[in-house]
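Labels run A, B, C and D following the written order; every chain starts at residue 1.
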Amino acid sequence: MCGIIGIENNKNASTLVSAGLVTLQHRGEESAGITINGKYGMQTFKAMGLVSRIFGEEISYDKLVGSSAIGHVRYTTSSNSSLINAQPFQINCIHGNIAIAHNGNITNFLKIKESLLKKGAIFSHTSDTEILLHLIAMSKGCIQTVIENSVRKLQGAFSLVILKDETLIGVRDENGFRPLVLGKVKDSYILASESSAIEVIGGKYIRDICPGEIIIIKNGKIQNSFIYKKNKKQNTCIFEQVYFSRADSLVFEQTIKAARVKMGEYLAEQMKNIKADIVMPVPDTGYFAALGFSRASGIIFENGFIRNHYVGRSFIKPSQNLRALVAELKLRPISDVVTGKEIILIDDSIVRGTTSKVLINSLRKTGAKKIHFALSCPPIISSCYYGIDTPKKENLIAANNTIENIKKHLNVDSLTFLSLQNLVNSCCANSINKNIFCTACLTGKYPTKISNNLSHESGSI
Amino acid sequence: MCGIIGIENNKNASTLVSAGLVTLQHRGEESAGITINGKYGMQTFKAMGLVSRIFGEEISYDKLVGSSAIGHVRYTTSSNSSLINAQPFQINCIHGNIAIAHNGNITNFLKIKESLLKKGAIFSHTSDTEILLHLIAMSKGCIQTVIENSVRKLQGAFSLVILKDETLIGVRDENGFRPLVLGKVKDSYILASESSAIEVIGGKYIRDICPGEIIIIKNGKIQNSFIYKKNKKQNTCIFEQVYFSRADSLVFEQTIKAARVKMGEYLAEQMKNIKADIVMPVPDTGYFAALGFSRASGIIFENGFIRNHYVGRSFIKPSQNLRALVAELKLRPISDVVTGKEIILIDDSIVRGTTSKVLINSLRKTGAKKIHFALSCPPIISSCYYGIDTPKKENLIAANNTIENIKKHLNVDSLTFLSLQNLVNSCCANSINKNIFCTACLTGKYPTKISNNLSHESGSI
Amino acid sequence: MCGIIGIENNKNASTLVSAGLVTLQHRGEESAGITINGKYGMQTFKAMGLVSRIFGEEISYDKLVGSSAIGHVRYTTSSNSSLINAQPFQINCIHGNIAIAHNGNITNFLKIKESLLKKGAIFSHTSDTEILLHLIAMSKGCIQTVIENSVRKLQGAFSLVILKDETLIGVRDENGFRPLVLGKVKDSYILASESSAIEVIGGKYIRDICPGEIIIIKNGKIQNSFIYKKNKKQNTCIFEQVYFSRADSLVFEQTIKAARVKMGEYLAEQMKNIKADIVMPVPDTGYFAALGFSRASGIIFENGFIRNHYVGRSFIKPSQNLRALVAELKLRPISDVVTGKEIILIDDSIVRGTTSKVLINSLRKTGAKKIHFALSCPPIISSCYYGIDTPKKENLIAANNTIENIKKHLNVDSLTFLSLQNLVNSCCANSINKNIFCTACLTGKYPTKISNNLSHESGSI
Amino acid sequence: MCGIIGIENNKNASTLVSAGLVTLQHRGEESAGITINGKYGMQTFKAMGLVSRIFGEEISYDKLVGSSAIGHVRYTTSSNSSLINAQPFQINCIHGNIAIAHNGNITNFLKIKESLLKKGAIFSHTSDTEILLHLIAMSKGCIQTVIENSVRKLQGAFSLVILKDETLIGVRDENGFRPLVLGKVKDSYILASESSAIEVIGGKYIRDICPGEIIIIKNGKIQNSFIYKKNKKQNTCIFEQVYFSRADSLVFEQTIKAARVKMGEYLAEQMKNIKADIVMPVPDTGYFAALGFSRASGIIFENGFIRNHYVGRSFIKPSQNLRALVAELKLRPISDVVTGKEIILIDDSIVRGTTSKVLINSLRKTGAKKIHFALSCPPIISSCYYGIDTPKKENLIAANNTIENIKKHLNVDSLTFLSLQNLVNSCCANSINKNIFCTACLTGKYPTKISNNLSHESGSI
């Protein structure tokens, strides 16, 4: 997962990009970078860590002078996580200076890399994005032709923002796996992973970039926009709505928050035979679904966990007997909410199941009478090859266990997953064709061919 | 405001104290410190910043070896904020090594300091706590006598944990302004500002330390406990319940969460003539009161703000035209919750009124139709001299304006403060005598004499 | 200027390379890097700053596991100074993983870059070294052929150490501008910029790598070594002996120290009519020449300056009236050495003349009676395009002023430059052909064609 | 060892004190601090590390506003080394704000502390200086009386600079163990450990503060100066001249450099029967003595070691087989100076003998034919209780071995110590009474009583 943003024709470009990145920070906390084009030419600044610690603290805004800029936040758990793979990537090539920020995962990466190596290309990173730089550098023609010819060769998931001098270019793959939206603030166009990053900087959301679209913007004008590759159907990642996107982002005519409330309402319908004293979310991921559940069921909504935002990553590497301590430091039950109660506990999804087990155990210890665990998503049974860092199939609890077994493992009184149909129904306003989602992680049906190579590997390269 | 904790007779003393401090971190984010007594004698480690960045990162747990320890987190906005005033204070005196962590504010500090200066005392800090060190060093007798004689001389608010070799001592002033509770984990006693800090480390809350009580603990046994000074009535800070304490902490037989839900219920009663589409909290301070309001009124509960935890302190020092940006980065309205709605917005209190104004303005811009602003606390009209860092009276909006003026200033359709009686009723379970609170900041009636000197100064020395 | 080193077949490879880099630190203080090949594959670690602060502190040796490694220290005053240009450069290409560390300056860089851009190459750095990576990636054949074909295309100055898996390769340009020597420690071969870096890690100096030579080493054996390009004459930088190299490094059968002593002896011969009380060096650069001068002239050697090694770079950015203070903090005259004396002051060379002026002024203030200023080098009148960061011609004091004018400017009683003949005579033991030096900076006679482009630019790209 | 400085009546007070501390940095590298009195009252800033990394980098000069200031650099090898003991100490007491910087060692510290504890004093540090703060706070009268009465009670070594509002006070113990000098720059008086710290900031050395003198300075005027305690004889530390002081500092009418040259001349006289090819110093401590030796003996002076200033403290914690590497990184012999030569090697003194052994071994390996080792100081046979951190007697090689044994241990062909008489003769210009030195470390004759307690302990408390 990554977050990307670009803005042009704005003297506050770097501040606005950095504010946008803070708003997209949930999409990646590992590294952040900004490329800016200005009087010192094109320059890229990046570092490991959070946006708000890098820009303004480590790197002064005084250095980030210019009127067009792109930015990137990166999430990774791969062992190759390091500054060298932080984006944007900036290169000098026959077309001049070009910078790229990428969200997604190119599935024919290894095949293209092989052919590029034969042509004498050099690779300085371990990221799949680098092949695009080479394809661009080896293409001929104007920048539009070059980008079009290059991205045509890519398969998989890619939303891109590209900076070439003062020109800002957006690209979205023909499946539309990852989001990319267009907005405007005063005389400047903005491209971003989510609409909230546009609105937070005072801009207005205009529309989604279409699957297979290239858009070219300069001097506050859209120079051109067109579909470079047409797919039979759109395959937008449904997990963005379940988990990744910010609740205030707009997708398919509603906010993510509205979609999540609906998921909760459908869950309530699925579970109408279950009686309980309260419905409570796992903070913060189950929050809106729990609200929806409460409204639809009439069961009282409670917040039974206190979340501690002060617990740092490296805090206490506990000896075996202190491990429960660390979990409780992060999320602790409120006794008079929980004790003696029949609880419907709502979370977004189960991946490995380890965190859920700890929380449920903690509720049991605090005296919960019954725990009905409900997820606003069907079981995750397949890895994602389109940019989400799900673990290998063998680590997905629902890929390797029956629901009955998971229920026993988690020690809950009932276990309910939102049905796929209900999830899809939640995810867009009524008028829209609902056959537009990639549900590969929930169904195992991948909308593109997956090379053997990838399907043996984890989704993250 | 500060948070304090102590534990004895436990080989994990430093880890448990540090976990407790993380749980008390909301009481002070400026500095943190731990004093530990072990094979290297008594040692104190402290630094500026958050507990989880200091212990484990800056200061290795390997250095913190011992079986009894006390800890402190400090909050201050005063100009004298620096490492030199971070606690615990550790000294060597005629009684040996002694360390102290203090929560509160000693109101006869200047008078005692003056007399100590005359006796030749030296002061290395600007903190009021230092006088207690001198009083102890100048007292004669066993440690119990020494502590008793010393604290008898103090006026004002003080909850203390004291470490003397393996002995852990707790003290609470005769008014009981600041909280201090006793708990136990296995064979170890714990003293802490709030019960949640005991429970998070696997301990059980036993009871509150009484106003005017000294308790002496060693080797897993309570050696002695007694009332050293008796007051006519208890005067416990009611603002702990409104704002400061953690929601899962137990006070007067209920959790803080339960008290806040009641405040919301009473507010709903006060506002029963007001019609609205939704009730929504200012995150996270108005959360439980809004839940209570919704339950009592039947008006739908919504969370209309997205809070961004990634915004750092030093992030973007904006030019004038970007200032609204920073506020929206932190808290941004969700459009389809807010637009076109009549909203009851709940927060805990108004101090200066600046934050409230920004948030209400942001709701207006997002299209809120009507905004009824409700506070789970009466107007704050006086400074606190008992340990809460309220600003000087001239900066308290409610001390200097009529409610009508505040309403106009904030641009809200109605403005409601919880009545004092309702607040008091919310703050303890039914059976308890309700004349036990200090409400000086809400009434101007101080339970102790306040020297002219202090009343001209800010509450924070 | 840069320093490079490589070692193979040694389980302490990273420690030895890092110790070697500390010994080469005088060749570049800006950044340092190590590439190591081991069980984690090939990995590169680099950072801004001094070797001893990076390795062992910032980057743990635990991460640097492997038996072959190369290292680089970088000096630059260019505005493009940043981590992105720190070496070694490591790439993945058709030949696998390759890392390169480069000392020198490729004079046909822009021409080759242009042709590479046309072939679709991408450039991620602003360093001239990057073209070599592309030439290698585009070459066919075994690694020997690939390196040979690639470096054949380069003009200018380049000493290179290259790592390919376990194979260590050394290359020196056909002019032999920059040094590169071969040594051995136990079963491991070492390549390094200077012999002292070999000896300090317990190795023995074997021989210089010849101008135009490629040497290929693996598993403790020299696999091959040959002259890939033959020049009419060797053109080794004479300024290495005057200033850059460490005094204990061996060049042309003598230490640099011995050469510098000889320079002083020749200077004494040139100045035999000048009478003085003492001869004293500018520390530490004039030290050995002053010793030689004293021996040849019989004039007493004194150290009249105290050098303070504690003065950091960023220490005191003084207001105008404190600027002399900073100079005196670094080098301060000892009064009873200087006052009332006729002094022969020896330094290695004058570039801009600013430092000399400050020192001479400081001697005057301390009461020096007469100052005869002598340089162990002829006037520097041309920029270097072969890897030394001399300023542009217009900033070279001797390129724009008569000696008489410089003398007046510096306010000295006499000013003597070592003659070119004497310098050359000093720089190699007697038996050697002396027509082997590049003296372009002293004569303006460049041993290779210099493109207009370069000669308008500064020497540093 | 420590270095102290104070200046008054100067708007650049903080910059000048910090420049002075850089010049005194050789007296202590562990911590540095500055107390300044100005419009924000009296404030103290201190940190671990070098002056030039603390002031200007960590602590901005913008914070250091005022016209009178004192500063301190601290050296310690004790386990209690930490920020808490960094000086100056600043306190608030009956006399107002007072700050003190101390160089020396108070020998009746424990006795005074005991009596202070009984009076109820609290100790926050482990430093002996703290008792003086208490004595001052408990004294009555004007500041002159208070200081006088307090320091009268101290025994041992103490040079002090004290700041009280705008008043700068200097004190030197009646033996005059540690140096303290007076100087002037424009309208400001300066007190400093060494004259070079005065001259480097543009000041003029006026005179030494006398043993037993108190001097009180304010508004650019000496308010008073008098002898508060008269001793039979002065006992100034002779080791300051052998080793500690900067070579350009003035002591007894000559520079330290001149004294050290004389030591070398006397050594040459003592060793006139020894023939050698060269005389060379251990850098930098034996430098001037070697110069003197060369002049007196006619034996050629050579610098046979290259010293590497880039080797950091934490660089390479070597496995057993790399330990020699670290020594050679710091100091490496130049082969053509050393190989085949009979060498007279000069150092200042032998303490434990470990460093000498490594260096001599390194010369042997480089092929030295004979090594005559000469020290510009007699054997060190006793610990110092007056402020120099010599090890306990059992670790002093000369306290536990015959000279013949040391010679064998070091593997040298001869071993010569400067005689005490010759050392004393070197240390002051001719006209001066030479019975003014403390030579306790060389003779075991302590000029004051040493309590049993201390003589069992190391010299450093």
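Quick note on the criterion: a contact is a pair of C-beta atoms (placed from the backbone, for glycine too) under 8 Å apart; a residue touches a chain by one contact, two chains touch by 3 or more.
Predicted model only: the values in this text are computed from it and were never measured.
Q: So chain B and chain D: same face meeting same face, with over half the numbers shared, or different?
A: Mostly the same residues.
Q: Between chain A and chain B, tell me the centre distance in angstrom, where each centre is the average of that chain's C-alpha atoms.
A: Comparing mean C-alpha positions, chain B is 37 Å from chain A.
Q: Could you grab the centroid distance between chain A and chain C? Build each centroid from C-alpha atoms only and quote it in angstrom.
A: Distance between chain centres, rounded to whole Å: 49 Å.
Q: Quick check on chain A: which residues sit in contact with 2+ other chains?
A: Within chain A, no residue contacts more than one other chain.
Q: Going by the touch rule stated at the top, which chains touch which?
A: A-B, A-C, B-D, C-D
Q: Quick one: which bits of chain C touch chain A in the complex? Just the residue numbers, please.
A: My answer: residues 89-94, 117-124, 133-134, 137-139.
Q: Hey, which residues of chain A end up touching chain B in the complex?
A: 12, 15, 18-19, 22-23, 25-26, 29, 50-53, 55-57, 61, 196, 199-202, 246-248, 250, 254-255, 257-258, 287-288, 291, 295, 300-303, 306, 308-312, 314-318, 322, 324-325, 328-329, 332-337
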